[in-house]
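First subunit A sits with subunit B, and in the next complex the same chain sits with subunit C.
And now, the complex of A and B:
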C-alpha cells in the first residue's frame, strides 16, 4: 500500500540515483566531447526522447500488470504509415494527429484479443505478432521509404503554448492522465493487483480480462501517439522503423524501477530512465562510438540493472540476518 | 474421424504435422510442378539442419519449465560464428575452428543460464537483453561485414552430399536428435527435465537439482546454437554477422508447432523435428515461388500465433 500512497514529487532512492546518473553522464560527456554541452544537442536529446517517453509509459503499464509487448516498434511503424499516408493525402493536420493513436489502439485491441482471449503468454504472442506486423509494414510500404511527407505536423514540435512546445504538453497530459488513473481510480489498484497475482485478483472479483484489454489498448494508443510525433519529427517512415524500440522501452522502464514481475511501477522513474538512456546513447554517438554498439549498451544496461538489483537485495537481506534464499 | 480422435499426445501431433506437410507439398506442386527435384530436397535438408539444432535447444529450455525461453538463440548463432572467425584471424589454428564455435556457444548459453538461475532474472527479460547484446556484438565487432576465410576442409564437410542428403544433416542433426530423444525418454535426466517443467515445486522437493539442471540446459541450448553456427560457416563459406536473424521466432514456432507446451513439462523432440521439416519446406517453397523473403517472417509469426491459439482452444474443447 505504501507504494500507492507515494506522492508524485517525492523521489525515492532509485529515482534519486537515476537523477544523479543523468547528471554524471552529462558531465562526463561534456568533458569528453566539445559538441556535447550545446543547447542544440540538448534539444536533440529531448526530441529523440519524445517517442520513447510515450511508448515507455505504455510499456510501464504493461509490465506493472505482468504483461509485456515486444511488438511496440512495429506497431509504431504501422501507425506512422497511417499518419504518413493521411498526411500525404492532404487530410487536415489536426485530424491526422489522431490517426496515430487510433491505429495504435486498434492494433492494441488485436494484440489483446490474441493475448487475453487466447490466454497466450504475452512474450510469445507479441513475438509472433511482431513477425506479422513486420511483413505488413513491408507490404504497405512496397519496399520503398515513405519520405518527403508534407510539413503539416511540424507545428506539433514548433508551436509553443505558454513557453513549452506542444509535444511537452501532450506528454505531460499523458503522464498526468496515467497518474490519475493509477492513483485515484480503481483501475490503478486493479492493474497493480493483477501484476501482483493474476489468480488472486481474479478470485477477489477484479474484472481481469477487462483491465488487461484496456491496458493493451492504452499502450497501443500511446505507441500510436508516439508515431504521430515520429512522423512530425522525421517526416519519413523506413522499412526497419522501430527495430530497437521495444528493447529501449523495456530497458528504460526497468531502469526506472518498474518491476518486470509486475505489481510495482514508477512514473517519475520511467521519465528519468528514458532520459538517462537517451543521454547515454546520444553521448556515446558524439564521443565516436558507432551506432551499431547501441543495442549492446542498452541490453547490457538492462541485464546489469536487474542483476545489480538482485545482488543488492540479497546483500541487504543477509545483512539483516535473513537467509539469502 | 474416430481414429484421429483416439490419437493422443505425440502421435496426434505427428499425424497432424505430417498431414500439414503433405498439404504444403501438394499446394507447391500444383503451383509450380518443377519445385521438387533432388536439389530442392538437399536444400531443404541443408536449411533444416541449422533450424533443427536451434529449435532443439529452444525446446529443451521450454520443456524444463520455470517460464523458460531462450530468445537469444539467433544472437548466439551469429556471435559464435563471428567469434570463431575473428579468433582465427587473431591466429587460432584453423583446425580449432569447430571447437571454438561450440565453446563460444556454450559460454554464451551458460551466461544466460547464470542470469536465469543464479540471479533469478525472468528468462524472457534476461534472454531478450542478451539477444540484443549478442546480435549487437556480432554486428558491431565486424561493422556488419561478412568474415571470409573458412578453411577448405571444413567446406568439404559442410557442402558434402551423400546420396542426396547433406553430410552435416547426417553427421550432426540426426545423431543429436536421436541422442536427445533417447535421453528424454529413457534416462533419469529426461525424467528430471519433464518433472521440472511439470511441477517445479515437487521436483525440488524430491531432490532434483533444478537450478543446476536448468543452467546445464541453457548451456546446452548455447552448444546447439554454436553447432548451428559452425554448420552455417561450413556451408556458406563465410561468417555473416546476421546469420541468426529471426531464428528466435522460427525456433519458437518450431517448438510450439512440434507440441512443446509453452509452460513446460509436455512434448517431445520428434514433433520438433517434424515441425522443423514443415517450416523449412514451407520457406523453401515460398523461395522457389519467388515470394519475397520478408513474407517468411510474417508467415512464421502468423503460424506461431495460430498454433498458440489452437493449443488453448483445443484444451477448452476437451
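And now, the complex of A and C:
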C-alpha cells in the first residue's frame, strides 16, 4: 500500500534497487557481448517482455490478494490456441485479438469457481488445473504444433499510434486501469484487506467471494491478452507453450516488492521486475549461457529474494514492536 | 427502564456433536454496558459471533426493537446496527486509519459507472471522530500495523461509531493493553454507552467489569448461569458463578 501511495513516478527503496540492478546488468552484458548493446537487441528484450508484463500484472493482483496462479502458462497456451484457431479460420484480425482475453477471462472464472467455491487453496487448485490444462493443450493440438498461422495479427500489432506500437499502448492502458482500480476505487482496499487477512476482511463486511472472483477473472483476461500478443509475435503455438511463465511471473512480481503472502503490491516494481528478469535472460543467452539455465537463474532469484524478505521482515517486525511505545 | 434494544431468546449453537451454547435468554439495553463473563470455552465468544452475524444460531431467535431478525453475514448484523470489535480486531494492518474506519462502507462517487473513493471526505470524518474520542494519533495516514494496541482499539471504536452502531460488542478490548491504555479504553467504553449505544463487553478481568458494567451476565459451559445488576452483587459472588462453586450453579448443573 505504501508503494501505491507513493504514486507512479516516485520510487521506493526496492524500486530504486531494481532500477540500479537493471542498469548494472545492461552495463555488464554490454562489456561481455558485442551483440548486446544494439537497438535491435533492446527491441528484442522489450518484445520478449510483452507477455510477462501482462501476466505479471494479473499475478501481482493475485499475490496481493493472498492468492496465486501456477497455471498461467497453460491458460495462456489454451487462449493462444483459441486465437490461433480463430486466425486460421479466417476471422477478422480485430475480432481475433479479443478471443485471447475472452478465453482467458472464462478460464479465470473456472479457476475462481474451483478455488473460491471449492474452498481449495489457490496453489493446490491451480496446480490441479495446470495438469488438466496441459493435457487439454496436448489433445487440442493433437500432438503437433499449431504453426504457419496467417499474418493478420502481426500486421494489426505492428501498427503504431502516435509513434508507439499498439502493444505499448495496450500495456500502458492495462497498468493505468489497474492503478486506478487499486488506488482510487474500493476494489483496491478490499483486495489488499483480503490479502492481509481473508477472515478479517469478511468480518469487515467486504464481499470477499465477489472480489476473489473478479481478481481471478481479471488475471485470466490479462493472461489471455498476453496470448494474443504471443500468437501475433510467434505465429505458432507449441506443445510446451508457457512452461516457465508461472515461474517467471511469480519471480518478477515478488522481485518487484509485492508480498508473496499478500496485502502489499507495487505496479512500478512489477514492471521493473519483469524488465530485470528479461534483461538477465537475454544477456545470459548472448554471453553464451544455454537457455536451459534460464529457469535456474529465475528460480534462484525468487528463492534469494524470499530469503532476504524473511530475514529483513523479522528485523523490521521487532523494530516495529519497540517503536510503537 | 427502557425497552431492550435486542432480545435473545433460547439461543443455541451446535458444532456437529459439540454443543457450544444452549438456551441463552438475554436482553441488551441502550445506554447500558452489559458485561459477559465466563471461563474459557463458556460460550461467550460463540454468543457474540451469533450476534455479529459471523455464525448462524442452531436454535433460538434474535429480536431487535421488537422485530425478529436473521443474520446470514456480518453485513446483515451491521445493517441492523450491530458492530463488533473482535478480540483479534478485524483491522487490516496494511491499510491506513481512515481506510480501516470505512472499510466495506467506503464513501464514493460514481464517474461513468466507476465508483471512485472520496478520500478527502473520509479523512475529514475520521479526523472528527478521533478528536471526539480524544484519541491521540499523530499520523492518520499511517498503516494501522504501526499503531499501539490502545490506538488500534480507538480505530476499531471509530469504525463502530462510523457505522452508526446501536449496539457495540467489545471482545476482550483490554486483554493486550498496558495499564494507561486500559484506562483509556474503559473510558471510551463508558462514553459509548453515554452516547446511547448498547455496549456488550466481554472480559476476563473482574475488577475492570465492576468498574464499567451496569449489568453482569455469567456464562458457564454454554449456558447463562447468572445475571446481576452491578449494584446488587460483588466480585466474590461473580467468581463463584464463573467457577461453578455457587449453589445456584451446582443446582442447575445437577438438574441437567
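The rule we apply is simple: the second predicted complex is superposed on the first by the 305 of 325 C-alpha atoms of A that agree within 3 Å, B and C clash if a C-alpha of one lies under 4 Å from a C-alpha of the other, contacts with A are read in each partner's own complex, and residues count from 1 in each chain.
Please note the rule applied: a contact is a pair of C-beta atoms (placed from the backbone, for glycine too) under 8 Å apart; a residue touches a chain by one contact, two chains touch by 3 or more.
If you're wondering where the values come from, they're calculated on a predicted model, not measured in any experiment.
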Which superposed partner A:14 touches (first subunit B, second subunit C, both, neither): neither
Which of subunit B and subunit C A:235 touches, first, second, both or neither: neither
Which of subunit B and subunit C A:310 touches, first, second, both or neither: first
Partner chain in contact with A:250 - subunit B first, subunit C second, else both or neither: first
Broader residue contact with subunit A after superposition on the shared chain, subunit B or subunit C: B
Partner chain in contact with A:212 - subunit B first, subunit C second, else both or neither: neither
Contacts of A:278 with subunit B and subunit C, given as first, second, both or neither: neither
Subunit B versus subunit C as contact partner of A:197, first or second or both or neither: second
First (subunit B), second (subunit C), both or neither touched by A:129: first
Subunit C contact footprint on subunit A (complex, rising order): 1-2, 5, 180, 184-186, 189-190, 192-193, 195-197, 199-206, 263-264, 320, 323-325
Contact footprint of subunit B on subunit A as seen in their complex: 68, 70, 114, 118-121, 123-125, 127-132, 134-136, 138, 143, 244, 247, 250-251, 254, 260-261, 290, 292-296, 298-300, 302-303, 306-307, 310-311
Contact footprint of subunit A on subunit C as seen in their complex: 52, 54, 73-75, 78, 84, 86, 88, 90-96, 99, 103-106, 108, 114-117, 141, 143, 145-148
In the complex, subunit B residues that touch subunit A: 67, 69, 71, 115, 119-122, 124-126, 128-133, 135-137, 139-140, 143-144, 246, 248-249, 252-253, 256, 262-263, 292, 294-295, 297-305, 308-309, 312-313
